[in-house]
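Quick heads-up: structures coming right below.
Paired with chain B in one complex and with chain C in the other, chain A is shared by the two complexes that follow.
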Partner chain A sequence: MNLKICVGTTCHLLGAPSLIDAYEKMDPKIKKSFNMEYATCFSACQNQYIPPIISINDQLFDNVTPESLKKILIEQLEKGE
Partner chain B sequence: MKSAVFYNRSLNHVGEEVCGDHFQSGKTEDSKIMVMSDGLGSGIKASILSILTTKIISTMMEKGVGIEEVVSTITKTLPVCKVRGIAYSTFTIVQVFNDGKTKIINYDNPRVVVLKRGKIFRPNYQENTINKKRIKTYEFNLEDGDFIFVMSDGLVHAGLGNLLNFGWGIDDIEEYIEDLCKKTRDIKEIVDNLIELTNNYYGFEPGDDVTLVGIQSIEKPKTIIFTGPPLDPRSDNEYAEKFMNFKGKKIICGGTTGNIISKITGNNIKIDIEKNKNSSIPPHGDMDGVDIVTEGVLTIQAVNKMISCCKDSMYDIKLVHYDSCNGAEKMFLLMRESEEIHFIVGRKVNVIYHNPLLPFEMSVRSNLIRELASNLERLGKKIVLEYC
Partner chain C sequence: MRNFVLNEMMKLRRQTILKLSKLQIDGELKSNLPKLNQTMLPGPNPTYRTSIYHEREVLKQKIKIYLGMDYEKTRDLELFELAPDIDEIIETNKYSPKNNYLQIIKEACDACPSGKYYATDLCRNCVAHSCQSVCPKSAIIIEGGRAKIDKNLCVGCGLCEKACSYYAIVKLERPCEKACHVSAIKSDENSAAEIDTEKCIHCGACYVACPFGAIETVSALPEFINKLKNKAKINVIYAPSMISQFGPKVKMGQIKKALLDIGISNVYEAAQGADKIALEEAEMLETSKSMVTTSCCPSFVNYIKKHQKNFVNNISPSLSPMAQLAKDIKEEGTKTVFIGPCIAKKSEAYQLDYIDYVLTFEEIASLFVAFGIEPSQKENIDVEGSFDGWNFAKSGGVANAVANLCQKELSVEMMDGISEGKNLFNRKDIDSIDLIEGMACKGGCICGPSIMVNPLVAKNGLKKINV
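Right after this comes the complex of A and B.
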């Protein structure tokens, strides 16, 4: 599954580095199902999405925290099975 | 249009706080002027003499006084030691015009080393006595990739009484430079190499002040920076084309801007996760046809901070390997190598920048660019600003 973490200006200021850090420290069993990339601005923050924003297979998730990131990844994995 | 870029370094006489040599650059509308002077002795007195000499020469030339008149004036002014019969300060003037025509005037400094197409070149010279001082004048054309090296005699005497019995010597220095230029064309690398070697020959205790100025002729290097989306999306194509067709280095500064250019050109932005670890600013990436894609306002703020620490030159900041730099440092290095920097500044603002959750000091992009442009101009760069 394609995981993209936005590293644009507002996402960076509102928590992207801590999401990146959380992903790096995550259980390898979860990470192995994802291909993680940094993304330049989804322009989503202009459309009422709250940064930091990620996308999984082009579906956007906003207001992500290090805690909710794990939950979202697991949910997506379960949906995909 | 040709441009002379230069890089200079000095070593102080052992035990001295200041260098008795001085280097000064200046420009007229159609030329660049570089002046080096070696003050008699070492320490503060020598430093004052050499500073006076270079300042008088470069100021007179910048005000349009002809080089011959400048030489006549300075030779009348420069005192000569009655005991030893040597000048209180020497000088070498290099004037490179925009068309490549070059004039060198040398008084009492070692022979200037010139490399043309990688080979030692000994230009013809005229020798005149002006106000009892023997002045050598050289005139030739400087072409792309040619080098000129101006040095004080501290370099020529390197090793005297230490590792080399009679000092390094100008002939051997010339040959060494010719060999070195086969391995690298980077003027900073060449000058640094020679200075380090000189220091080594002196056993890290230079017996004289040492100065080396490296001058290289290149086609006027330019950079274009596209930052911020155009206000009217209908003009995206026009500005993207202008940007991609520019002859010079290309920097995209902003994720949204990058996305626009990526969509129009069909080239993807690739952000290397490994290269962006431990960076205090957002990651930067690559795109085919572009030198770098960075984030926008935070990167510009970081570049501004670096530039405001530069007093006289962008070489005041020491950065080593381009590949290990973050986005702001890479942008700084690309601009440092350019004479002329163009900005295309999009006026579309992301409304979320006014969100109270964001740091209050986040300036509007156009203010940051204005500050950056002003700082770059102060450091001698030509700036072209276009808003869209």
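Right after this comes the complex of A and C.
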């Protein structure tokens, strides 16, 4: 699955670095299913999405925290399989 | 090195600064200010504290500080009272904090217990009662099946803490007091924290430590935005610790370009000033007979001036890299702005004529967002300064740069964090040291109070700076 973590200035200011940190520290079993890359801006924060924002296979998730990130990833994995 | 975690308090601070900058740039500050604390915290349920009204009150005080106003001077002023003349207040800096850049918001301070010992629930009411036996003041009584410390008798020696096998006795310290290594935090009559300005060296340790976000630093951002809007000629100097601060996709040259795009006339690296200073200090050390302490960290300079008065004459006569560069580029009618992770720089700049504003990384990032500028999409232009100049940003970097340039073999010591100061300056062999590099923040500027990324990331970035 394609995981994109937005590292644009707004997301960066409001928590993207801690998401990256959390992702790096995650179980390799989870990480191997994702192809993580940094994105610059989904231009979603102007329309009601709350930063920090990530996308998984082009579906956006907003207001992500290090805790909710893991939950979202596992949920998506279960859905995908 | 500081453990960096983005917490809720920092998030709210950034969101508020972001909102304020956006409103100011769009010219909507006047109309939105009166209810801004309500807009930010719509309720009805509280987000951070037990009461939404308490939360809003604290945010109201913070908004005033973010708008560049002194807490004491505006404590009783409501936002709606300030709103009609807000542009004028910002322009004339009517409620200027003078040199007090760290302020405690009494409404936010939880008046945490300070330095007292408590017996907790972990007490198993053991047979030995070692705590009772070691207590020299017989302050421990056993009540209701567990140990209890009589506060009136306790002298805080800590013997009971060490004696307990169950770690049941703890010392509760105020985070701000614990973080402050110059004992500048005292209590006011309501036992809320208060800063002793005679002792404070503006390092910002308390600002980082307070879990209630009660300590804030007065911002110069609104005044700066006003100047930008009026198309004033502004030069920017940015600290080398800016490296990696804007995320993995942003290169230094892109930030430089982004700054030029928001209307800054010239952007300079403080690393250029650092190169000059390193050379100056190296030349001075070749002939100098006495010990020299570096002058690039303003908090370290304050520390010597206030707490190690015997060594005041040892402070390097060189200016800090920021000050040196600012002096070199100052022209009539231009404003000079320094961007860094530092609160002490604000007080250094206050005492100098050639720096007008000091902004933090958080504030600049908010400014980019408010202007709708994405640095990662800008062109990567050239940056100046040598590898050693850039590495002034981490502890050890200054000493290293000077030692590399000095013809003489130097005996170098480092004060990495204020906590090491006492031991270092009390050493008997202090006269045999040639150079003391002092950094108030453990790890250097990349661990400063207003950083945006983990210091380890920034440290890696500094290794890769190939200029």
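Going forward, the second predicted complex is superposed on the first by the 81 of 81 C-alpha atoms of A that agree within 3 Å, B and C clash if a C-alpha of one lies under 4 Å from a C-alpha of the other, contacts with A are read in each partner's own complex, and residues count from 1 in each chain.
Here is the rule we use: contacts are C-beta pairs under 8 Å (C-beta built on N, C-alpha and C of every residue); 3 or more make two chains touch, one makes a residue touch a chain.
This structure is a prediction, so every number in the text was calculated from the model and none was measured.
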item: First, second, both or neither for A:Val7, with chain B first and chain C second; value: both
item: A:Thr40 touches, of chain B and chain C: first, second, both or neither?; value: both
item: Chain B versus chain C as contact partner of A:Gly15, first or second or both or neither; value: second
item: Contacts of A:Met26 with chain B and chain C, given as first, second, both or neither; value: neither
item: Overlap of chain C and chain B interfaces on chain A (superposed complexes); value: 7-10, 12-14, 16, 38, 40-41
item: For the chain B and chain A complex, residues of the former touching the latter; value: 254-256, 258-259, 269, 271, 273, 276, 281-283, 285, 293, 295-298, 350-353, 355, 357-359
item: Residues on chain A engaged by chain B in the complex (per definition of touch); value: 6-10, 12-14, 16, 36-41, 43, 45-46, 51
item: Touch list for chain C against partner chain A, complex; value: 5-6, 11, 14-15, 18, 246-249, 362, 365-366, 368-369, 373-377, 452-454, 457
item: Partner chain C, residues of chain A touching it in the complex; value: 7-10, 12-18, 20-21, 38, 40-41
